[in-house]
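One structure below.
We call the chains A, B, C and D, going by the order they appear; numbering starts again at 1 in every chain.
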Amino acid sequence: MSVLVGKDTRLVVTGLTGREGTFHALNNRNYGTDVVAGVTPGKRGQDVEGIPVFDTVHAAVAETGANTAMIFVPPRFAADSILEALDAGIELVVAITEGIPAHDELRVYTQLKRTPGARLVGPNCPGILSPGKANVGIIPASFFKEGNVGVVSRSGTLTYQIGNELAQRGFGNSSIVGIGGDPVPGSSFIDIIELFEQDPQTELIVMSGEIGGSAEEEAAEYIAANVTKPVVGYIAGFTAPPGKTMGHAGAIVSGTAGTAKAKAEALEAKGVRVGRTPTETAEIAMEILSA
Amino acid sequence: MSVLVGKDTRLVVTGLTGREGTFHALNNRNYGTDVVAGVTPGKRGQDVEGIPVFDTVHAAVAETGANTAMIFVPPRFAADSILEALDAGIELVVAITEGIPAHDELRVYTQLKRTPGARLVGPNCPGILSPGKANVGIIPASFFKEGNVGVVSRSGTLTYQIGNELAQRGFGNSSIVGIGGDPVPGSSFIDIIELFEQDPQTELIVMSGEIGGSAEEEAAEYIAANVTKPVVGYIAGFTAPPGKTMGHAGAIVSGTAGTAKAKAEALEAKGVRVGRTPTETAEIAMEILSA
Amino acid sequence: MDLLEYQGKQLFARHGIPVPSGKPASTVADAVAAADEIGYPCVVKAQVLIGGRGKAGGVKLAKDRAEAEQYATDILGMDIKGFTVHEVWIEAASDIASEYYASIVFDRAAKAPLVMFSTKGGMDIEAVAEETPEALVRIHVDPLLGFQDFHGRRLAFEAGVDADVVRPVGALLSKLYDAFVAEEAMLVEVNPLIVTGDRDVKALDAKVTLDGNSLYRHPDNAGLRNPSQEDEQEQMAHERGLTYVKLDGDIGILGNGAGLVMSTLDVVAQAGGSPANFLDAGGGSKADAIVSAVEVILSDTKVRAVLFNIFGGITRCDEVAKGLIEAFDVVKPTVPFVVRLDGTNDVAGRQLLADASLPNVHTEATMLGAAQKVVELAAAHGAAA
Amino acid sequence: MDLLEYQGKQLFARHGIPVPSGKPASTVADAVAAADEIGYPCVVKAQVLIGGRGKAGGVKLAKDRAEAEQYATDILGMDIKGFTVHEVWIEAASDIASEYYASIVFDRAAKAPLVMFSTKGGMDIEAVAEETPEALVRIHVDPLLGFQDFHGRRLAFEAGVDADVVRPVGALLSKLYDAFVAEEAMLVEVNPLIVTGDRDVKALDAKVTLDGNSLYRHPDNAGLRNPSQEDEQEQMAHERGLTYVKLDGDIGILGNGAGLVMSTLDVVAQAGGSPANFLDAGGGSKADAIVSAVEVILSDTKVRAVLFNIFGGITRCDEVAKGLIEAFDVVKPTVPFVVRLDGTNDVAGRQLLADASLPNVHTEATMLGAAQKVVELAAAHGAAA
């Protein structure tokens, strides 16, 4: 088992015919993901190395039975593309696009919550990798192998760093989920931790957070109340100065709220061990799994 | 038992200090309804014969525990007043106001469907009477007595006519629900029939429809699939010419869809007996209940 | 409230929807002046609230001034299916490459705006919907989310528009939706929506129905009412704030509440009578409203008897009785009246009527009895007249 | 992106929010001309992106021309908490009866706009929130439903505004919400929102933060950027499209991905070092972006060593290596570099670096090892310098 993406994933890629869309869609297919369709308005009838292209997500769903959409269009078209996928009945939308306007994200999120059975991961995220099964997004899959550690992270490259440290210690992953660093992520830590808790393959959960917002604090509460599996935390941004946006639109500290220290303490107060570096985080995970 | 309103109703009246609002709120209280508050912006601290007035529905709910709101404000303020009541956590909103713009009703309805646990009856309806328990609205209660017939109707006075014909034959009512004749009613026949089906006091359901829309046809399908109690139908408007709005904004026939004949046939096809006049409708009900 | 084509186009233009330039005119001289200003060829179009103008000769292409004058003369005053042409719209002729169809209706059943689009424009859309339903693409729009770019793409692609106009068609549909919401329309229809030889997309016709309940928010639109298009009695009723619909029969009907009035019409018809009108005196009717109502009913000279069917809720029966007594004093009707009063203050109302002993007014205890009585009286009065 | 007060007021005015009339000026002569035009008394206000102007002497009431000239002279060029005053705003003096507070923030946690209102305006709102939290009314607005009239009434009544201004306050809040949504703001704040002696309601201050990601939709706003307010390195980075934040230390940091860069800063700090900056080269960085990034990092003269920490996903390590080699050619750095390359094409990247044998470039296999190495080198280089 794995979470969100796996052998049942039937992927449609919006923006397939763009340079990045083509590159990563083919990468995903080469990994074993069932990439069934692409969408580029006006390019119906074309194909990208055998992947058929449609004008609309609705047509792609009707013709190919796609159940998962990867959004690869530029920021100014991304909100519309996500809404289109939701409207077309897609169950899981994975939005890679970075730089979507915040108010667009707000509208998309509010609409998502009115769409029964739909889930959004991202935007501004590296996607989801279920090693050995499917890769939807831009996570470099060759660094990861199948195993029992579920990873959920706001950051892309930091996810690779932590996953890699685990891999170097011999551990594999059930799924690696990048929820993205934007102000309004479609899925929260809690949403993904809930899935890992239910997933039989996952035996330990690594949660990698960062400064800004209160998602980590909320996750701490949730973990204490609902999660039976061990959770190891990591928080980036101990040295970040207040009031500055640190790259991720979500990574901004106002006053004492949202600091790395406050987040780590909130997690530790609920019994979640928190590593101070990616290396230490991997070591704690190893210690728990080897016990 | 009864449906929607009864001994647990705690009523707040928006527009209480207006002439009509005062008159009917006091009427309702005299009948036994627990009228706990009124709302008129700027009149906090006043009272109407002992009913305290608040500036906002939120304040009324906080101070009095109101769970039902009756909307008596003029059409241009009505949509806002309904939305305010929904936002304040009111469970049942009964909107008497006639002449609310259709697009306002559309926004209100869409918001209603996003508000868990909330119900709207009306607008442009006479309200709900549960004889012997509570009256919320403008139904002349003295013509009705407690009993086992549930009545649901798009029309106000026609409801009185049918209820009166039943009363003259010795039958009382569990509840009488006017859902209103507007293009976008908050509750449909189906919503109310579902409640009557669950209500132990109700042994027979009278459904009084009229030309326009497809609510009666939808109810016919629902009744066949879900209702065990006998249902008697009545449809007004057999002589209405197509394309004309007959008073109720919803009562307009386009082509052959929405005619009284089509509606009566749809009900009869599903085993619902339909009276051709209010008198005949009451006679059918009497026949069934006496059998 | 229905708008004339040119009123609809002016409304469209306010929302950025491309329409051909034009001018309205109600005299031949104004029409020719407008045509001169717009240039030739131009189109002279009858402005009436009914379809089928073209077949009736109400739309003509004028090559020059002489033709414009001729056509304006022919069309102004023309009768089209019972509607007199009071105005023409003089419009620059368009170079039509394709004709599409677009509309947005307030869909009561779905409780959402329904956007429809087809590449089979310029013809009877109901026939298209019946014969080739797949050619009419239908999409509901969530009222809170609103019209999104993807809705426009879906409509255009699924209908099969030419690839080069997918964007402008989507943009026009988006603006049409804006207009539908901002103006609180119940219907906006464009048939045909054209693509010109230069690949411009334009609304060549406009059919707009506005929500009368929202006109207070749109004072400009409220001023567009075309009273000349209403029936004389309906216009009179409208001015007095009454809900009145003219019918073909000879029995005047007044009741309170739309459902009860509709039911009364049915019961009268079942009793063998033929209603002359629908008149809902509404909730809480006061005496003066009753006087107005009687005036409207009796202004229809076909009426041979009148039925009052009142079940008082907000409406108080004593007020209705007072109104009727006053109406007899003012209007002095010559036809018989049948009155049935039940509900709030019914005893007092009946007593007032009994005390007034109006000539030729019959009271009945039940709706059914009242209907039978009025049918009988109408027949007798008809025979006598 | 933060706006100056007067830019915020001009934005407010576009949405119908009442603001006092005024003019911006960047010279004393222009300021005096503006004051003459506006009339006396008027207020001379320093335009800087930092609070506490008043206490710093940046806001003065001028009774006449002489005072206006004196204050403009004093304030232009003044340093307020490290910000130089380049512009003043000359504004008509207001007759203040009451001072309220209003703001709308993009609340990430609630995923909805949060509207806040208080009658305790004109002071530090954070102190109000802390000392008398009940005085600050907070309401979230559903993004799809939008701001309704009842929201305005609740805010005004619950905060306890004077009864006669409940409506105008509600109307102003509604327009403020319109502005927040239409301009895609992350924050709009009015402190104080005043009631004048004539009972007019006006925004006397304006603090607006816009969403940089949406500026392409708002070309007018995009032109408002105040580059003079940015740090020199940050301005340089911004022009090159890099995400750069200046810090106080001496170790330059470059990584790919915000989370990894933040983590790198932490690990360097833990190793005893002090980062000079945050620089996210972003996904898919090409060689020329790396050259730009090195230029920006080294333009900070405090930098004594640089750490490259790359875990390639979209970013290809060979591209990073090429960029670094090119940067050495162009910039010829004198400080030591530590490079850690992992991920996509890491073997090729490391090989390129090895082949280039750049002076003073050290490669490390792990993030932790690289952090320790750069701290050591920075200390040594500092001692040598």
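The working rule: a contact is a pair of C-beta atoms (placed from the backbone, for glycine too) under 8 Å apart; a residue touches a chain by one contact, two chains touch by 3 or more.
Not measured: the values here are computed from a predicted model.
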- [ ] Walk from subunit A over to subunit B along touching chains and report the minimum step count.
- [x] 2
Task: Farthest chain (mean CA position) relative to subunit B - done: D
Task: Between B-D and B-C, the pair with more C-beta contacts - done: B-C
Task: Centroid distance [mean C-alpha coordinates] between subunit C and subunit B, Å - done: 28
Task: Between subunit A and subunit C, centroid-to-centroid distance (C-alpha), Å - done: 54
Task: Where subunit D touches two or more other chains, by residue - done: 142, 144-145
Open item on the list: I need the residues of subunit B touching at least two other chains; which ones are they?
Closed with: 107, 111, 114
Open item on the list: So with touch defined the way it is at the top, what topology do the chains form here? Options are line, ring, star, complete, other.
Closed with: other
- [ ] Write out all the pairs of touching chains, ordered by chain label.
- [x] A-C, A-D, B-C, B-D, C-D
Task: Contacting residues of subunit A [partner subunit D, same complex] - done: 20, 24, 75-76, 98-104, 106-107, 109-111, 114, 126, 138-140, 143, 153-161, 164, 181, 183-184, 208, 210-215, 218, 234, 236-241, 244-251, 260, 276-279
Open item on the list: Could you list, by residue number, the parts of subunit D that touch subunit A in their complex?
Closed with: 106, 108-109, 111-113, 142-144, 181, 184, 186, 211, 213-214, 216-217, 243, 245, 247, 255-263, 265-270, 275, 278, 280, 283-284, 311-315, 342-344, 366-368
- [ ] Provide the residue numbers of subunit B that touch subunit D in the complex, in ascending order.
- [x] 41-42, 44, 55-59, 77, 80-81, 83-84, 87, 107, 111
Task: Residues of subunit C defined as touching subunit D within the complex - done: 144-145
- [ ] Spell out the residues on subunit C that touch subunit A in their complex, using ranges where they run on.
- [x] 142, 145, 148-150, 153-154, 157-158, 163, 166
